[in-house]
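Note that subunit A is present in both complexes that follow, paired respectively with subunit B and with subunit C.
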Partner chain A sequence: MPETYDKKTIADLLDAKLGWPELHEMMSSYKDPDRFDKYISVLQDRAPWPEQILLPLGPHLFIVKKSNGDIVTKSTSGFEFGDYRENWKLKARIFVRDTDEKYEEIYPKLSHAHPEWMELREFYDPLDGRLLYVEAVPPGYPIVHNFEPDLQGFYEEWLGRPL
Partner chain B sequence: MAKRAPRILGIDAGGTMTDTFLIDEEGRFIVGKAQTTAYDESVGFLASMEDGLKYWDLKLEEGIGTLRTGIYSGTAMLNRMLERKGRRVGLIVSGGMEDYLRTERGIQTYLGYSYSDRLHLVTHHHNEPLVPRNRIFGVRGRIDVFGKEAIPLYEKEVYSAVETLLDRDAESIVVCLLFSYKNGAHEKRIGEIAREVMAKRGKELPIYLSSELYPVRQDMPRLNSTLMEAYAAEPSRTSLTNVRKCVRDHGGRFDLRVMASHGGTISMDARELARTMISGPIGGVIGARYLGAQIGVKHLACSDIGGTSFDLALVTEGEFEITQTPDIARFLLSMPLVRIDSVGAGTGSFVRVNPTSNRIEVGPDSAGARIGMCWEKSGVNTVSITDCNVVLGYINPDFFLGGEITLDRQRAIDAVEVQIAKPLGLDVYKAAQGVIELFEDSLKSSLLGKILGQGYTPASYNLLSYGGGGPLHVAGYSDGLAFDDVLVPAWAPGFSAFGCACGDYEYRFDKTLDLALLPKTPAEDRQALVAAINGAWAQLRAEVEREFAKSDVPVDRVGYRPAVRMLYYGQLNALEVASPKQQLESAEDLNLLIKGFEELYSRIYGLGAKTPQFGYTIAGVVMSGSTEVEKPILPREPLAGPDDWKDLAVKGSRPVYYRSAWHEATLVDLEKLPAGSDIPGPAVVESPSSTMFVPPGRRVRLDEHRIFHMSVRAAAQLKLAAA
Partner chain C sequence: MVAEVSDVRNMTRPPMGWAGKTLQEMLAESERLLVDTGHYYGVNKLSLKENDPIRYEKIWSRLRGGIVGARETALNISASPIVREIGELCFGLYTPEGDSITLSTGIMAHVHTMSEAIKHMVRAGYEEDPGINPGDIFTNNDPQLGDVHNADVQEFLPIIYEGELVGWAAGVTHETDVGAPQPASMPIGTVSRYEDGFIVSCQKVGTNDRIHRDYENRITTAVRTPFYWILDERCRIAGCQIMRENVLRVIEEEGLETYKTFIREVIEDTRQAFQKNLKLMTVPGIYRFPSFMDVPHSIDKGQMPEYAAVDSLMNCPMELRIGTDLAFEIDLDGANKWGYHSFNCTPSGIQGGLWVGLSQTLIPNDKVNDGAYLATKFNTPYGTWANPDNPAVSNTLSWMYLIPCFTGMFHGLSTAFTARGYVEEVVAAYPFTGNITQGGGPNHMGNPNGAWSNFEHSACGTSARYVMDGETSCAAVWNPEGDMGDVEAWELLEPLLYLGRNVRPMSGGAGKFRGGLGFETVRLVYNTPHQVMFNARDGHVFQCSGLFGGYPGATGYRHSVKNTDMKERIAKQLPYPTCDQDPENSQIDANVKGRTVVKDQYCYHRPDPHQEYDVYLSLIAGGHGVGDCLERDVALVVSDLNEGYLFGRFAERLYGVVAQQGTDGTWTADLAATEAKRAEMRKARLVRSQSVEEWMAAQRGRVERMEFNSAVRKMYRESHELSPKWRREFTAFWRLPADWTPGSED
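Moving on, here comes the complex of A and B:
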């Protein structure tokens, strides 16, 4: 059981290319102390833009630091959703499944939620149309603000370095 | 010296090495080793046997010629399961149950995992099915829970299922329907149809019916067990037959038998061969029962420390416990297995400091045969328990496996320093001692938990310690427990193999019944119960006879032991109660079973827990039949004076670290130690295959059978010593 893994292993982990025994051992072992940095560096290598990734929010959504010092939410396509403390979903293209017909595009008949009780909101990237997130809420519920990270606290107190 | 005449042969064909154990008429034994040859196990077996015989200066033919009995146990069948390299099985189940193997029972997704992996859902994982979905067919029809036909069998579906299975090149057909343990009529009919279809197509495949092989409740374990017969056991029969042929070709005149899960040995012609798959660790328990009977000890707590695990079992009133649904290779099975509790901690277990909690953790993974960091060639880079033993001076780095491997003590010290001592801010010896104490304490608490959990106290038991690491740690994990006596056979490392040779030649069959025996049950119904029990016994007895007939054992040489599995009406766990009579003659005889059950129940759960007012359930019947076979003889040596060893067996002395201080321990050579020796601690008794540590304040005495008795130190004495 190694204390750290090489970058290729982390990249394979990200791409779901690891075999079960290896994956199982990784999950059962102590957390490798440099996992976050290696993980970020794999993501950074793959990002088509130069801004520094501070925190991933999803497979194609990141909080990045721009050259002017602004910290924004940005997707793989390069679309910027504004300041990271604001809810990025408000700037996404939203598709709402709230009828039987719309549900049945993706579910078998009678196997989906009742549209009067729950709707699915799909958040798409305005530039390349990639599905970034889905939320399931009762109709009329405000757009959920999932997460407002304490970036400064995370970097300074957990990683032990300035943001 | 006269030539030795080996009488008993034990073969343990592991994944990498095949060990042969030969015991002669005086109880002396030797061990031969050779590489396992997976393509033909008989090649490795012969090489291993030749290797062993050379110690007695015997040639292969000479050695085989005098043998009276031979027991085989191997892991080939298990490996076939683990590597999924079994037969192409076709499976027919009740309609609607075709996804059995994909949905499994939840427990099978985390069987065999460490505690933390069992808790965390992300680590749970489905097994790859033994039969792919396109060779599993459901047929409609239903036998209900009472054994009555609720829906007739849709025979058309059976015909088409069998046809398709043949089209898809199935090599055998397994049938497992719901409630077939109650009534096997539908399964039987499927078997007939399958034979009819095969005859028409000029094919002949083996058919396995769960109602014939494992007529017991719980369909997942029943299905797994039946599948295993077809998938893994049948191919193994071929390789076993090769080994037997090989023995015969070299002049062997004995029937090679196989150790089976229920604790007896069976012929390789036995119909239920899958139960030989899980025989590995039970040898020691069989040996313990036999040893106990020979030296007049009825209660033994058996503890076996190997490289990867600590196995515990109890022998109570001269009998071991049987569990009904054991698991192996992450499958629940429905076959009787000698009950053993296993803790994932052995001498090869890795030791780490958890970076989150800063505490020492032992296992669950282990260096196993790679020993630890003290052996550079192993490539291991995590400290193991053995490393700590080397650091503390308990293990002689120049005499490991009799000097076959030289260990690097300094390398162990450095490793413990870097990986354990420094992170904890401790001195390296204190750190190593802490690890060993933690290890032994955890063994001690599992041991105590097991004994208390069964309603007994250590004082009722003799502790028996064996396995490669048993003698080294027995002082530690028995410290503070008031056992009646602590026994360590001088042949502790080979005890499991010795145990295999102690097994009876015994077949055992189980059958589920559901018979309520309530206070209000009228006399005529009681008479019907008696008939049902007798009928089931007779059926199983016929099966025992049929199996013995295959090996030409005459019926009059077989002793039968009928039993029932019984519980209080409404409770969940059945106890196995031996019947004092071969057959129940009247309703009155039911009271004999009740009496036996009540006695057993109150011994385990206490008198106050008895609830006879609820009545009883007879959940099943058991029939065992056994015949006399040659077993090992315990060595018997003349007793020397208690201090004679000082002139005969002392090799020198060595400093050992114990309870935060260095002590000069006497080094004793086990091979030269005469029976009767009484050795005070601190001492280290060494042999090529094991090391025994006797700490200061305790002593060991070697008896005439070459069994060590270690002085017991109860908790009260421990406190006194500390004060």
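Moving on, here comes the complex of A and C:
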């Protein structure tokens, strides 16, 4: 029941290189309180740009601090989606599966939603075409702003350090 | 509907609460102290735990061990495969006011619903009337008082020591039939509570540890399978008795005051641990993950009242708010209206769903109890499906809405875990736990009024994790130890044979890591002249999405072949279907002929008549995916091809893997061609997509005119009417006039 893991273990975890026994042990154990800093450090080492990662939003999306102090959402490709408080999806490329034909490129017949009831919205990175998120909603549903972090509260009140 | 509060200050008997208090006074004090001090029962220091930790853990282990042992012993009294095979039962130990202290494994959602039922009995003055005495037995399956649906029947035994109520032992099992007009435990197509069948509303059904004869008589006449019900009742009572005796032994050995101190501390201990984990593993902020469920009752026109035979769509716009002050709030503001269908929820059921979700995510230690629940706040707006303003709505299959509802919490917490780096905990929620196969009619044992509920859907595929594929056919969100059960056990209960049970290809959602696969069963109606059958699962919608680019798992459909040639095939030893596998190359269609083929996405419907030798397909759901398909390890794609989990025609268009099948049937990938194909597909995505601004401009007119099908329009109209917040946000997003409305009823 380790209270901490080394940076390599965290890197292996992210790369899906941990075996099931090790992964299971990690899931069942009490959590290591220094995980966040080691995690950020691993991600920062891999980032293809210099900005400081403040908070990961997914495997390829990060809230970063630019040299001019602006805090923006940025992807692995280097695309900037604007102020981190805005919904990054609004700056992505969108492709909507709203017909049987489009659904059946990726699902067998009868195994997907009915296009009159629901559509699949695929949000792509505008630079490298990576699929960042799939939204399954009825037609007409406002694009969902999935996560609005209280970044300042997180850093200052929970981590006890300035943003 | 049922009197909630009855003042017991003028009781005709001495109060049975602690220190001369009535139970109502104890409950009021508990709630006041939580609000005033922020701590459960005002306990801000865990003195017993700090001063004598070994003793603290020992008492915990004895109580917890006793309850787990009670479950394992008691389930052998039941005859129902639902209880014995699947483990659809759970036991819990409660404080006198109804807060859970510890629980067994099993259907844990009920740990909190039973809490609500106990609190109802306290508030309604049961201490005075009908009285609470040693050996009393109370039963409840009323969702309005504390339950999810009436299929789950609860038993409560008071634990009384030297005249004081020191707690409650409670147990729950899922029944086979509830005595509704249509057979089975969760009939579909009911439009009000008055069609839900046998409902026992926190009733005293036994004294001196024996069930009243008149109650047994009532069961015998009220439900189709009294044999199972009565044995389940005895199973629950036996489990509760084992728990009760164990608690009384602990009190004898540890002392009453120590026991009282312990139960207060252990709940506060869990409340504090929950908040500690919240701060360690999450990020304050707002998380929004909506979910949906289709109710396509237009297929039942002519069989249901006109106002009920319509298509509906559930809107569950779940918002999870985590505050820097460790507030954990779940808000369903924007949810649409309850309906004339079987899927409405009560706040009690919603809280049960929340509780089972928390027990799999944020409750951090072995001391799982109501402490975590007490650290949360929940808004279920009045008038919505989550808190109907009509007390007579039907609830027989509330899980149909509850299950999708809490995918939002799992997605929100997984987003938080990703932000903090605890990616080993990330999972793309869970699939809908269906298809639920149920039915009834003359059975193979000669009973003309048989009824059955198959629970193999307890073994759905799990969703993908951040670092691995989901697992195949192993769990249900409401019972993490799910089991599909042996086919032989189900065949004992049901007049249907299993022709085959197989992993269902492509049932898990695609992604860098794909959802675990569900399975399919092919059933033959046998040894009965006729039988009505239900399906139940998501058909027209995905209940939610995957995560980080992962796709949702496949939706379901129903497929029955009626008036078949199966009798002839069996007699002549001709091929018959043992699997289905691919809806575009169905092995059922290839191996059985029938005069009628039902094959559509109407997975919720009134009972569908079948007769002997009809064939019925059940598709058990797979999980959702995580990450971009084009990042999936090529070796995993090839493995899926070779295992038969992925149809060859999808390898390239879904995963960008260029693969060939050799003459021996083995698939291999061309790595260089795959790399080039994937690069080409990423470029093609950019070509075929558009900016969100362009897309919104093209959609806005359609939205303004509500050019959607009737179910979608109805959903928007109801959310618009019920929630000013929804109205404000919807019109702001689409830049509609402030006075815009989605129109009047169709």
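Following the convention adopted for this analysis, the second predicted complex is superposed on the first by the 163 of 163 C-alpha atoms of A that agree within 3 Å, B and C clash if a C-alpha of one lies under 4 Å from a C-alpha of the other, contacts with A are read in each partner's own complex, and residues count from 1 in each chain.
As a convention for this text, a contact is a pair of C-beta atoms (placed from the backbone, for glycine too) under 8 Å apart; a residue touches a chain by one contact, two chains touch by 3 or more.
Model, not experiment: these values are computed from the prediction.
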item	value
Overlay on subunit A: subunit C relative to subunit B, clash or fit	clash
Partner chain(s) touched by A:33 [first = subunit B, second = subunit C, both, neither]	both
Partner chain in contact with A:78 - subunit B first, subunit C second, else both or neither	neither
Winner by number of subunit A residues touched, once subunit B and subunit C are compared	C
Doubly contacted residues of subunit A, that is, touched by subunit B and again by subunit C	20, 27, 30-31, 33
Touching residues (chain side subunit C, partner subunit A) in the complex	277, 279-281, 283-290, 292, 294, 313, 315, 323-324, 364-365, 411-412, 415, 418-425, 466-468, 506-507, 510, 512-513, 539-542, 544-552, 554-555, 557, 582-584, 599-601, 627-630, 647, 650, 653-654, 681-686, 688-693, 695, 699, 702-703, 706, 708-709, 711-712, 715-716, 729-730, 733-734
Residues of subunit A defined as touching subunit C within the complex	10, 13-14, 16, 18, 20, 23, 26-27, 30-31, 33, 35-36, 38-40, 55-60, 89-96, 105-114, 116-118, 120, 122, 124, 126, 128-151, 153-154, 157-158
Residues on subunit B engaged by subunit A in the complex (per definition of touch)	114, 116-117, 120, 122-123, 125, 350, 352, 354-356, 365, 382
Residue ranges of subunit A touching subunit B (in the complex, touch as defined)	1, 20, 24, 27-28, 30-31, 33
